[in-house]
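Below you'll find a set of structures to go through.
Next come two complexes, and both contain chain A; in the first it sits with chain B, in the second with chain C.
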Partner chain A sequence: MLRTKVSSLSFALGLPLATCSFALWAEESYTIILKNHLFTPAHVEVPANRKVKLIIENQDPQVEEFDSFDLNREKVLFPNRKSVIYIGPLAPGEYSFFGEFSPNTAQGIVIVKEPNNAS
Partner chain B sequence: MLLNAVVVSVNQLLPVTVLWVLLAQCTNAALPLKTTLIALSAGLVGCFGIWFLGGEIASSFDYRGFELLQIGLLLSLFCLMIATKRTGHTALAALAFGLAVVLYLHHLASFAFSYSKPADGQTLAIGTSLGVGICLSFSILLFFFLDWLKSKHLPWLLLLLLALHGASKVSIALDLALQVDLISAARLEIDLRQIVDEHSVVGRVLRVLVGYEATPNAATLAGFGGALITFLGCTYWRTAHAK
Partner chain C sequence: MRNNVLLALLVSFFWIVAFSAKADGMVVDKVYHPYVMPLERELEWRLLSRQTEQGNVLAQRLGLGWSLTETMTIEGYAIGERDDEGNFDLAAYELESRWQFVEQGRFWADIGMLFELEKRHKFDAYEATAGFLFEKEFGRTSLTMNAFLVREWGKDIEDEWESEFRAQLRYRLYSAFQPAIEVYVGEDFFGVGPGFIGLHRFEGQKQLKWEAGFISEISQSGKDHSFRLALEFEF
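Right, the complex of A and B next:
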C-alpha cells in the first residue's frame, strides 16, 4: 500500500518534472549541407528569441570556414565532417553567413522570425 | 582566388604581426629576429599538427573539441601577455607569439593545403604574398606610430592598447564558448553596424587591434570589461610595487 502511494506520488511529481526538463533541454536543430562550395539550404528560417543548433555537414573534400559577422560565429568545417554551432537568442531579422574560403559561392542567410511566423 | 587569398592571408596574419609589434613596443620584451623565427617555426609545427588532427579534434567532446582548444589557446595568450608585461621576459613573449601563430595561422595553413591545386598554386602564392605585404606594411606603420607615442611620453596609451588587445582575446574565447553552448548570454540591443561594420576595412582593423564587435552580447561585453580591468590591475599592481 505504502509502495503504491510512493509510486503514485513519484509519478505525479516526476511527470511534470520530466516534461519541464524536456522543455528546458529541447533544442531545435537545423542541418545545412556544404557541397560544391554551396550551402544547402541557403536560407534557414529559425524562431526569434530562442537558442538553436546548426548542424553543418561539409561534404566537400576541402576545408571551409563558416563565417558570420552578423552572428559573431566563426568555425572551421573539416572535410567530410559534421560541425555544430549554436546561435541565438536572436531578434527578428536577417543574418548572413558565408564560407571564408569560397565567399563568392558559399553564402547563406539565417532568417529569424517570430515563432508564429517561422516555418 | 587571388582576392580571396589576399583576404584570408590578411585576416589570419594581421593578428600575429600586430601582437609582435605590441609586445615589442608595449612591453620590455622585444623579440629578436632569431627568437621570432624559432617561435614562428614552433608555431608552424603546431599548425601542421592541427591540420592533420583537426577533424578528430573537431569531432571530440561532442563536437566542441576545436573550440575548447581555441579557448585554451586564447586564455593562455591573455595570461602570457599579462606575464610578459609584468616580467619583461623574452621567453614569455616568444611563447605568446608561438601560440598566436598556432591560433591564427592554422586557418591559413588549412586554406593553403586545401586549395593549392596545380592550377591555382601560382594565384594562391601571389595572393598570399600580397597579403603578407599588406600585413607587414600595416605593422611597420603601427610600430613607428607606437614608437612616436612613446617619444611623446604617453606610456599609458600603449598600456591601454595592449590591455584592450589582451581583453579582446577573452571576448573571442567567450564568443567561442557561446558558439558551442558552454555558456549562455542575453541578447543586447546594441547594433553598431550602421556606424562601423565589421565587414569594412576599419571594422576589421579595429577587430584585430581591440576586439571590436558591432553586435556584442552581454557575456562578451562583460568578459571584455572584466579582462580589461584584470589586465590593467595586474600591470598597475606590478608598477606600484616596483615603486
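Right, the complex of A and C next:
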C-alpha cells in the first residue's frame, strides 16, 4: 500500500518536472489575409516538427470561422481583427483548411516540409 | 516559464485526483474538452444506461448552452432518471460553465476549467463541482483529462467531498469517426472501454457531434457496464 502511494507520488511529482523541460520556444509566424472570402496566400509553407503561428487578418466585414480537421483547429475570425492560430509540431504533408461561412471560396492548404526543403 | 510551472502543477493535480478519486453515484458521463467557440449555441442530449446485478439505471439529460464571451460558455440542463418503480421523471437540474484558459496549441498542453451546480428536483440535495480540463495533442492523437472536486450537501444527502477523474485517448481518423479509449475513476469504480466521436457539418457554424462509449467497471468482480451516448447540435 505504502509502495503504491510512494509510486503515485513520485509519478505525480516527476511528470511536472518532465513537463517543465518543454520550454517555450519562439514560434515563426505566417500571415494570411482573408479578403472577399479568399485566403491569401492560399498555400502556406511551414517547417516540419516545429510549432508555428498563423496570423489571420480578416479584412471582410463579416465573421468567418477557420476550420481544419487536418490541423485540429477551429477559430472564429472576427472582422477587422488579427487572430492567432498555433499549429504544430507537424509531420511533413499537406493540411487543408477552410472558412465555414464561405467553404467554396475560403480554402487553403498548410504545406509542411522538412526545414531544408521549406522555402 | 511561469506558465509552464503552472501547467506542471495542474498536471500534478490531475494525477493526484486520478490516483485518489472518490465519487459515488454515476461516474460515467462525458469527457470535457477545454475549448470554447465564441458565437456558438448548442443543444445537447445525453443518455446513460448502467447495468449492474441490481438492475438497470437509466438517465437522460437535455441541455441548452451558449457562449457568453470568447472564452466562456454556459449551459443549463434538465436531467431525467428512471426511479425504482420504473417511472421516468425529472430528477435534477444543473447549470454548467466552462472556461478556456489558453489559446489552443500555444503551450505544451491546453487547459480549461469547469464549474457545475446541480439541484435534485424533489429533494433538498445539492452538488457543486469544480475541476480542470486538460488536452494534449500527439500528432493525430489527443489525450483529454478531467479532474473534478465535488461537494454534496443538503438535508436529504450526506455532506461530503468527492473527486472524479475522466480521460479519453482519441485518434482523429476521420471527421465522422474518431475511435477512442475512455477511463472513468470514482469511489470503488475504475471503468474503461472503447468509444467513438464524430461530427457532420452543415451550413455555416451548424454541426452535429456524436459520442458513444461502452464502459466496463474492472476493479470489482460484479457486473457493471455503462453505455453512454451524446448528441450535440451546434448552431
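In this text, the second predicted complex is superposed on the first by the 95 of 119 C-alpha atoms of A that agree within 3 Å, B and C clash if a C-alpha of one lies under 4 Å from a C-alpha of the other, contacts with A are read in each partner's own complex, and residues count from 1 in each chain.
Everything that follows uses one rule, which is that a contact is a pair of C-beta atoms (placed from the backbone, for glycine too) under 8 Å apart; a residue touches a chain by one contact, two chains touch by 3 or more.
Nothing here was measured: the structure is a model prediction, and the numbers come from that model.
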When the two structures are overlaid on chain A, which partner does A:72 contact: first (chain B), second (chain C), both, or neither? both
Between chain B (first) and chain C (second), which, if any, makes contact with A:28: first, second, both or neither? neither
Of the two partner chains, chain B (first) and chain C (second), which one does A:114 touch, if any: first, second, both, or neither? neither
Could you tell me if A:94 is touching chain B, chain C, both of them or neither one (first, second, both, neither)? neither
Between chain B and chain C, whom does A:63 touch in the aligned arrangement: first, second, both, or neither? both
After the superposition on A, what does A:82 contact: first (chain B), second (chain C), both or neither? first
So chain A touches chain B in one structure and chain C in the other; where do those two contact lists coincide? 51, 63, 65, 69, 72-76, 84-86, 88, 91, 100-101
Complex contacts: residues of chain A adjacent to chain C: 8, 11-13, 15-17, 19-20, 22-24, 51, 63, 65, 67, 69, 72-76, 84-88, 91, 100-101
Which part of chain C faces chain A closely enough to touch in the complex? 1, 3-5, 7-9, 11-12, 15-16, 19-20, 35, 37-39, 70, 103-109, 137, 139-140, 142, 172, 175, 201, 204-205
Of all residues in chain A, those that touch chain B in their complex: 49, 51, 53, 62-63, 65, 69-70, 72-76, 78-86, 88-91, 100-104
Of chain B, residues touching chain A in the complex: 4, 7-8, 11, 54-55, 58-59, 62-64, 66-67, 107, 110-111, 113-115, 175, 178-181, 184, 186-187, 189, 193, 197-199, 213-217, 220
